[in-house]
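By letter and in written order, the chains are A, B, C and D; residue numbering begins at 1 in each of them.
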Amino acid sequence: MNPEQFRLRERLRVRWAETDMQGIVFNGHYLTYFDVAITEYWRAIGMPYPAALAGTGADLFAVKSTAEYLAPARYDDVIEVGCRAARLGRSSIGFELAIWRDGEPITKGEVVYACADPVARRAVPIPAPLRAAIEAFERRSPG
Amino acid sequence: MNPEQFRLRERLRVRWAETDMQGIVFNGHYLTYFDVAITEYWRAIGMPYPAALAGTGADLFAVKSTAEYLAPARYDDVIEVGCRAARLGRSSIGFELAIWRDGEPITKGEVVYACADPVARRAVPIPAPLRAAIEAFERRSPG
Amino acid sequence: MNPEQFRLRERLRVRWAETDMQGIVFNGHYLTYFDVAITEYWRAIGMPYPAALAGTGADLFAVKSTAEYLAPARYDDVIEVGCRAARLGRSSIGFELAIWRDGEPITKGEVVYACADPVARRAVPIPAPLRAAIEAFERRSPG
Amino acid sequence: MNPEQFRLRERLRVRWAETDMQGIVFNGHYLTYFDVAITEYWRAIGMPYPAALAGTGADLFAVKSTAEYLAPARYDDVIEVGCRAARLGRSSIGFELAIWRDGEPITKGEVVYACADPVARRAVPIPAPLRAAIEAFERRSPG
C-alpha cells in the first residue's frame, strides 16, 4: 500500500452520483474506480484496451474482485488509484489496486482477469506482446 | 399522467445505490428506470430488443430524453413506471414515460429513439413488423 | 452454492444499463445485485434497513467485498441472488452471496459489514434485536 | 453550442462501465456528466456545493432535465462538458449544458434546479450570495 510501489496512479474526483444516503461512496463504485485505473494501466504500458487485443483471438474477463474499505471516500474527494500487475499467470493477470486520499490509504483490492477466447469460451495464453509489455513496465522501478 | 393511459406499467423498487447524499434518487437514474420500462415494452408487444431487430439492418438510438421531477423517489420506494409509444414517425419513436408511487405521479418524461443503420449511420424506416406491433399494442384500450 | 442453503433469494432482471461493450454485466454491478439482496434480507428478518437501526447509535459500513465471476450475466437475464449471514461477530456481519441463472451458479461472493457508531467512528456491538433476528432467521431451515 | 459561450468547461474520459452493449455511452450517464460539470461550476464561482448552502435553509433539487444526443460518446473518448447558468429565476436556476469531442458537439441539454427548503418542502429564493456569484461569473466574458 505504499504509493511508490505503483507506477500507475490515476487521480479522480468522487462524483455526486457515486455517493449514497450515508454520504459516502457506495461500495460497488470502488470497482469502477479500479477499472478506471486498469484502463490507464493498459494505456501506460502501450497496450490500450481493447485495441491492443484486436486480432489476437483473446479477450480479458474479470474472474474475481476483492475490495477492502479502510475508510470511506466522500463527495468531491480527490483520490488516487494505484494499479499494478502483481501476478502474471499463463492465462491470468492479477492486478493489485489501492486508493489513497491525501496520501492515506482508504481502499485496497485486487481484480483478476482471465485471458480467454470469447467465442470458444476457454482459457488461452496471454498474448506474448501483452505479457512482454506488462513485464517491462513492472520491472522498471517507479518514479 | 393517468396510469390507465399506459398499457405497460412496470414495478420496481428503488435501490440503495441509486440514492445520493440528499437521500433521494440521483436524477440520472430515472433514465435507467425509463429504460427498464422500455425493455418491458418491447417484450410486451412481442418484439424483445435487440433480438426482434436482428437481421433488419436497423437499430434504435436514443436521440432525446426529458425528465420532469415532480417529487423525489427515495430508498426502498416501490414505484411504477409507465411507458407508451406516443409518437411514431417514419424513422423515430417517441416514448412517453411516467412514474408513480402509491398512485401519485412523481416523474414524467419522454425518450425519443431514431431508427438507424448502425454501419452507415443514417436514418432508416422503422421495420414494418415493429411498427405493426407498436400500432397494434397502442390501438387496444389498456387494462 | 446450493440455493437451498439460502433462505433469502431475490429475483431480478439484468438491465441494459448494467451491460458493457463486451455484452456482459460490468463487474462492479454485481455488488449492486448483492446489495439488493441484502436489502431484502433485512426486510425478511423483520429489520428493514435503515429504520431498524434508528436510535441505536449504530450503523453498518461495508468493510470488505469479494466476488467471483463464474460465468457472465447478460442483458435481460433473470437471475436469483441469495444472501445469508454466514458469520456473525461481536461487531461484524459476514454475508455470503450467490447468484444463479436457471439454477446454475454464475457468481459468488461475500460482503462484510462492521457495526459502528457513525459519529465517533468506532466499532460498537451489533444491537441485540438485530443479532437475535439474524440468529432466528438463520437457525430455521430454509423453505 | 459554441464552446466559447461556456466559461466552465470540464474534461473527462468516458469509462468502460458507462458504455453499453451498443458500444456507446448509455443515455442516462450523460446526466452524470452534466452533474460533474455542475459540481465544477459551483466550485468555479466560489460556491462549492453543498458547503456554500450550509446554514441558508435552502437546498437545490433537480426539477427538469433534457438531453439531446447528437452523436454517441464511446469508451475512452475524452470529452469536454460545458455548463452555464442560462436562466436565473427567483427560486430556480436553469443550466445549459453541452458536450464536445474534438471540438464537435455531441450532446446538449439543460438541467433546471429549484431552490427549496428541504424541511418545509417549499420554494425559497436563491440565497443572495449564490445569486451574486452566478451573476458575476456569467457577466464576465469567457476566456
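Going forward, a contact is a pair of C-beta atoms (placed from the backbone, for glycine too) under 8 Å apart; a residue touches a chain by one contact, two chains touch by 3 or more.
Keep in mind the model is a prediction, meaning the values are calculated, not measured.
A.B. asks: Identify the chain pair with more contacting C-beta pairs: C-D or B-D.
C.D. replies: B-D
A.B. asks: So which chain is farthest from chain A, going by the mean of the CA atoms in each chain?
C.D. replies: Following the centroid criterion, the farthest chain would be B.
A.B. asks: Distance-wise, how many Å sit between the C-alpha centres of chain B and chain D, to the nearest whole number?
C.D. replies: 24
A.B. asks: What whole-number Å value describes the gap between the mean CA coordinates of chain B and chain C?
C.D. replies: 29
A.B. asks: Please tell me the distance, in whole Å, between the geometric centres of chain C and chain D computed from their C-alpha atoms.
C.D. replies: Chain centroid spacing, chain C to chain D, equals 34 Å.
A.B. asks: Which positions in chain C touch two or more other chains at once?
C.D. replies: Answer for chain C, listing residues that touch two or more other chains: 16-17, 21, 26, 28-29, 32, 35.
A.B. asks: Looking at which chains touch which, would you call it a line, ring, star, complete or other?
C.D. replies: Looks like everything touches everything, fully connected.
A.B. asks: Considering the complex alone, what residue numbers of chain B touch chain D?
C.D. replies: Contact set of chain B toward chain D: 21-22, 24, 26-32, 35, 50, 59, 61-69, 72, 111, 118.
A.B. asks: Can you check the complex and tell me which residues of chain A touch chain D?
C.D. replies: 15-17, 32, 35-36, 39, 48, 76
A.B. asks: In the complex formed with chain B, which residues of chain A make contact?
C.D. replies: For this pair, the touching residues of chain A are 16-17, 19-21, 23, 26, 28-29, 75.
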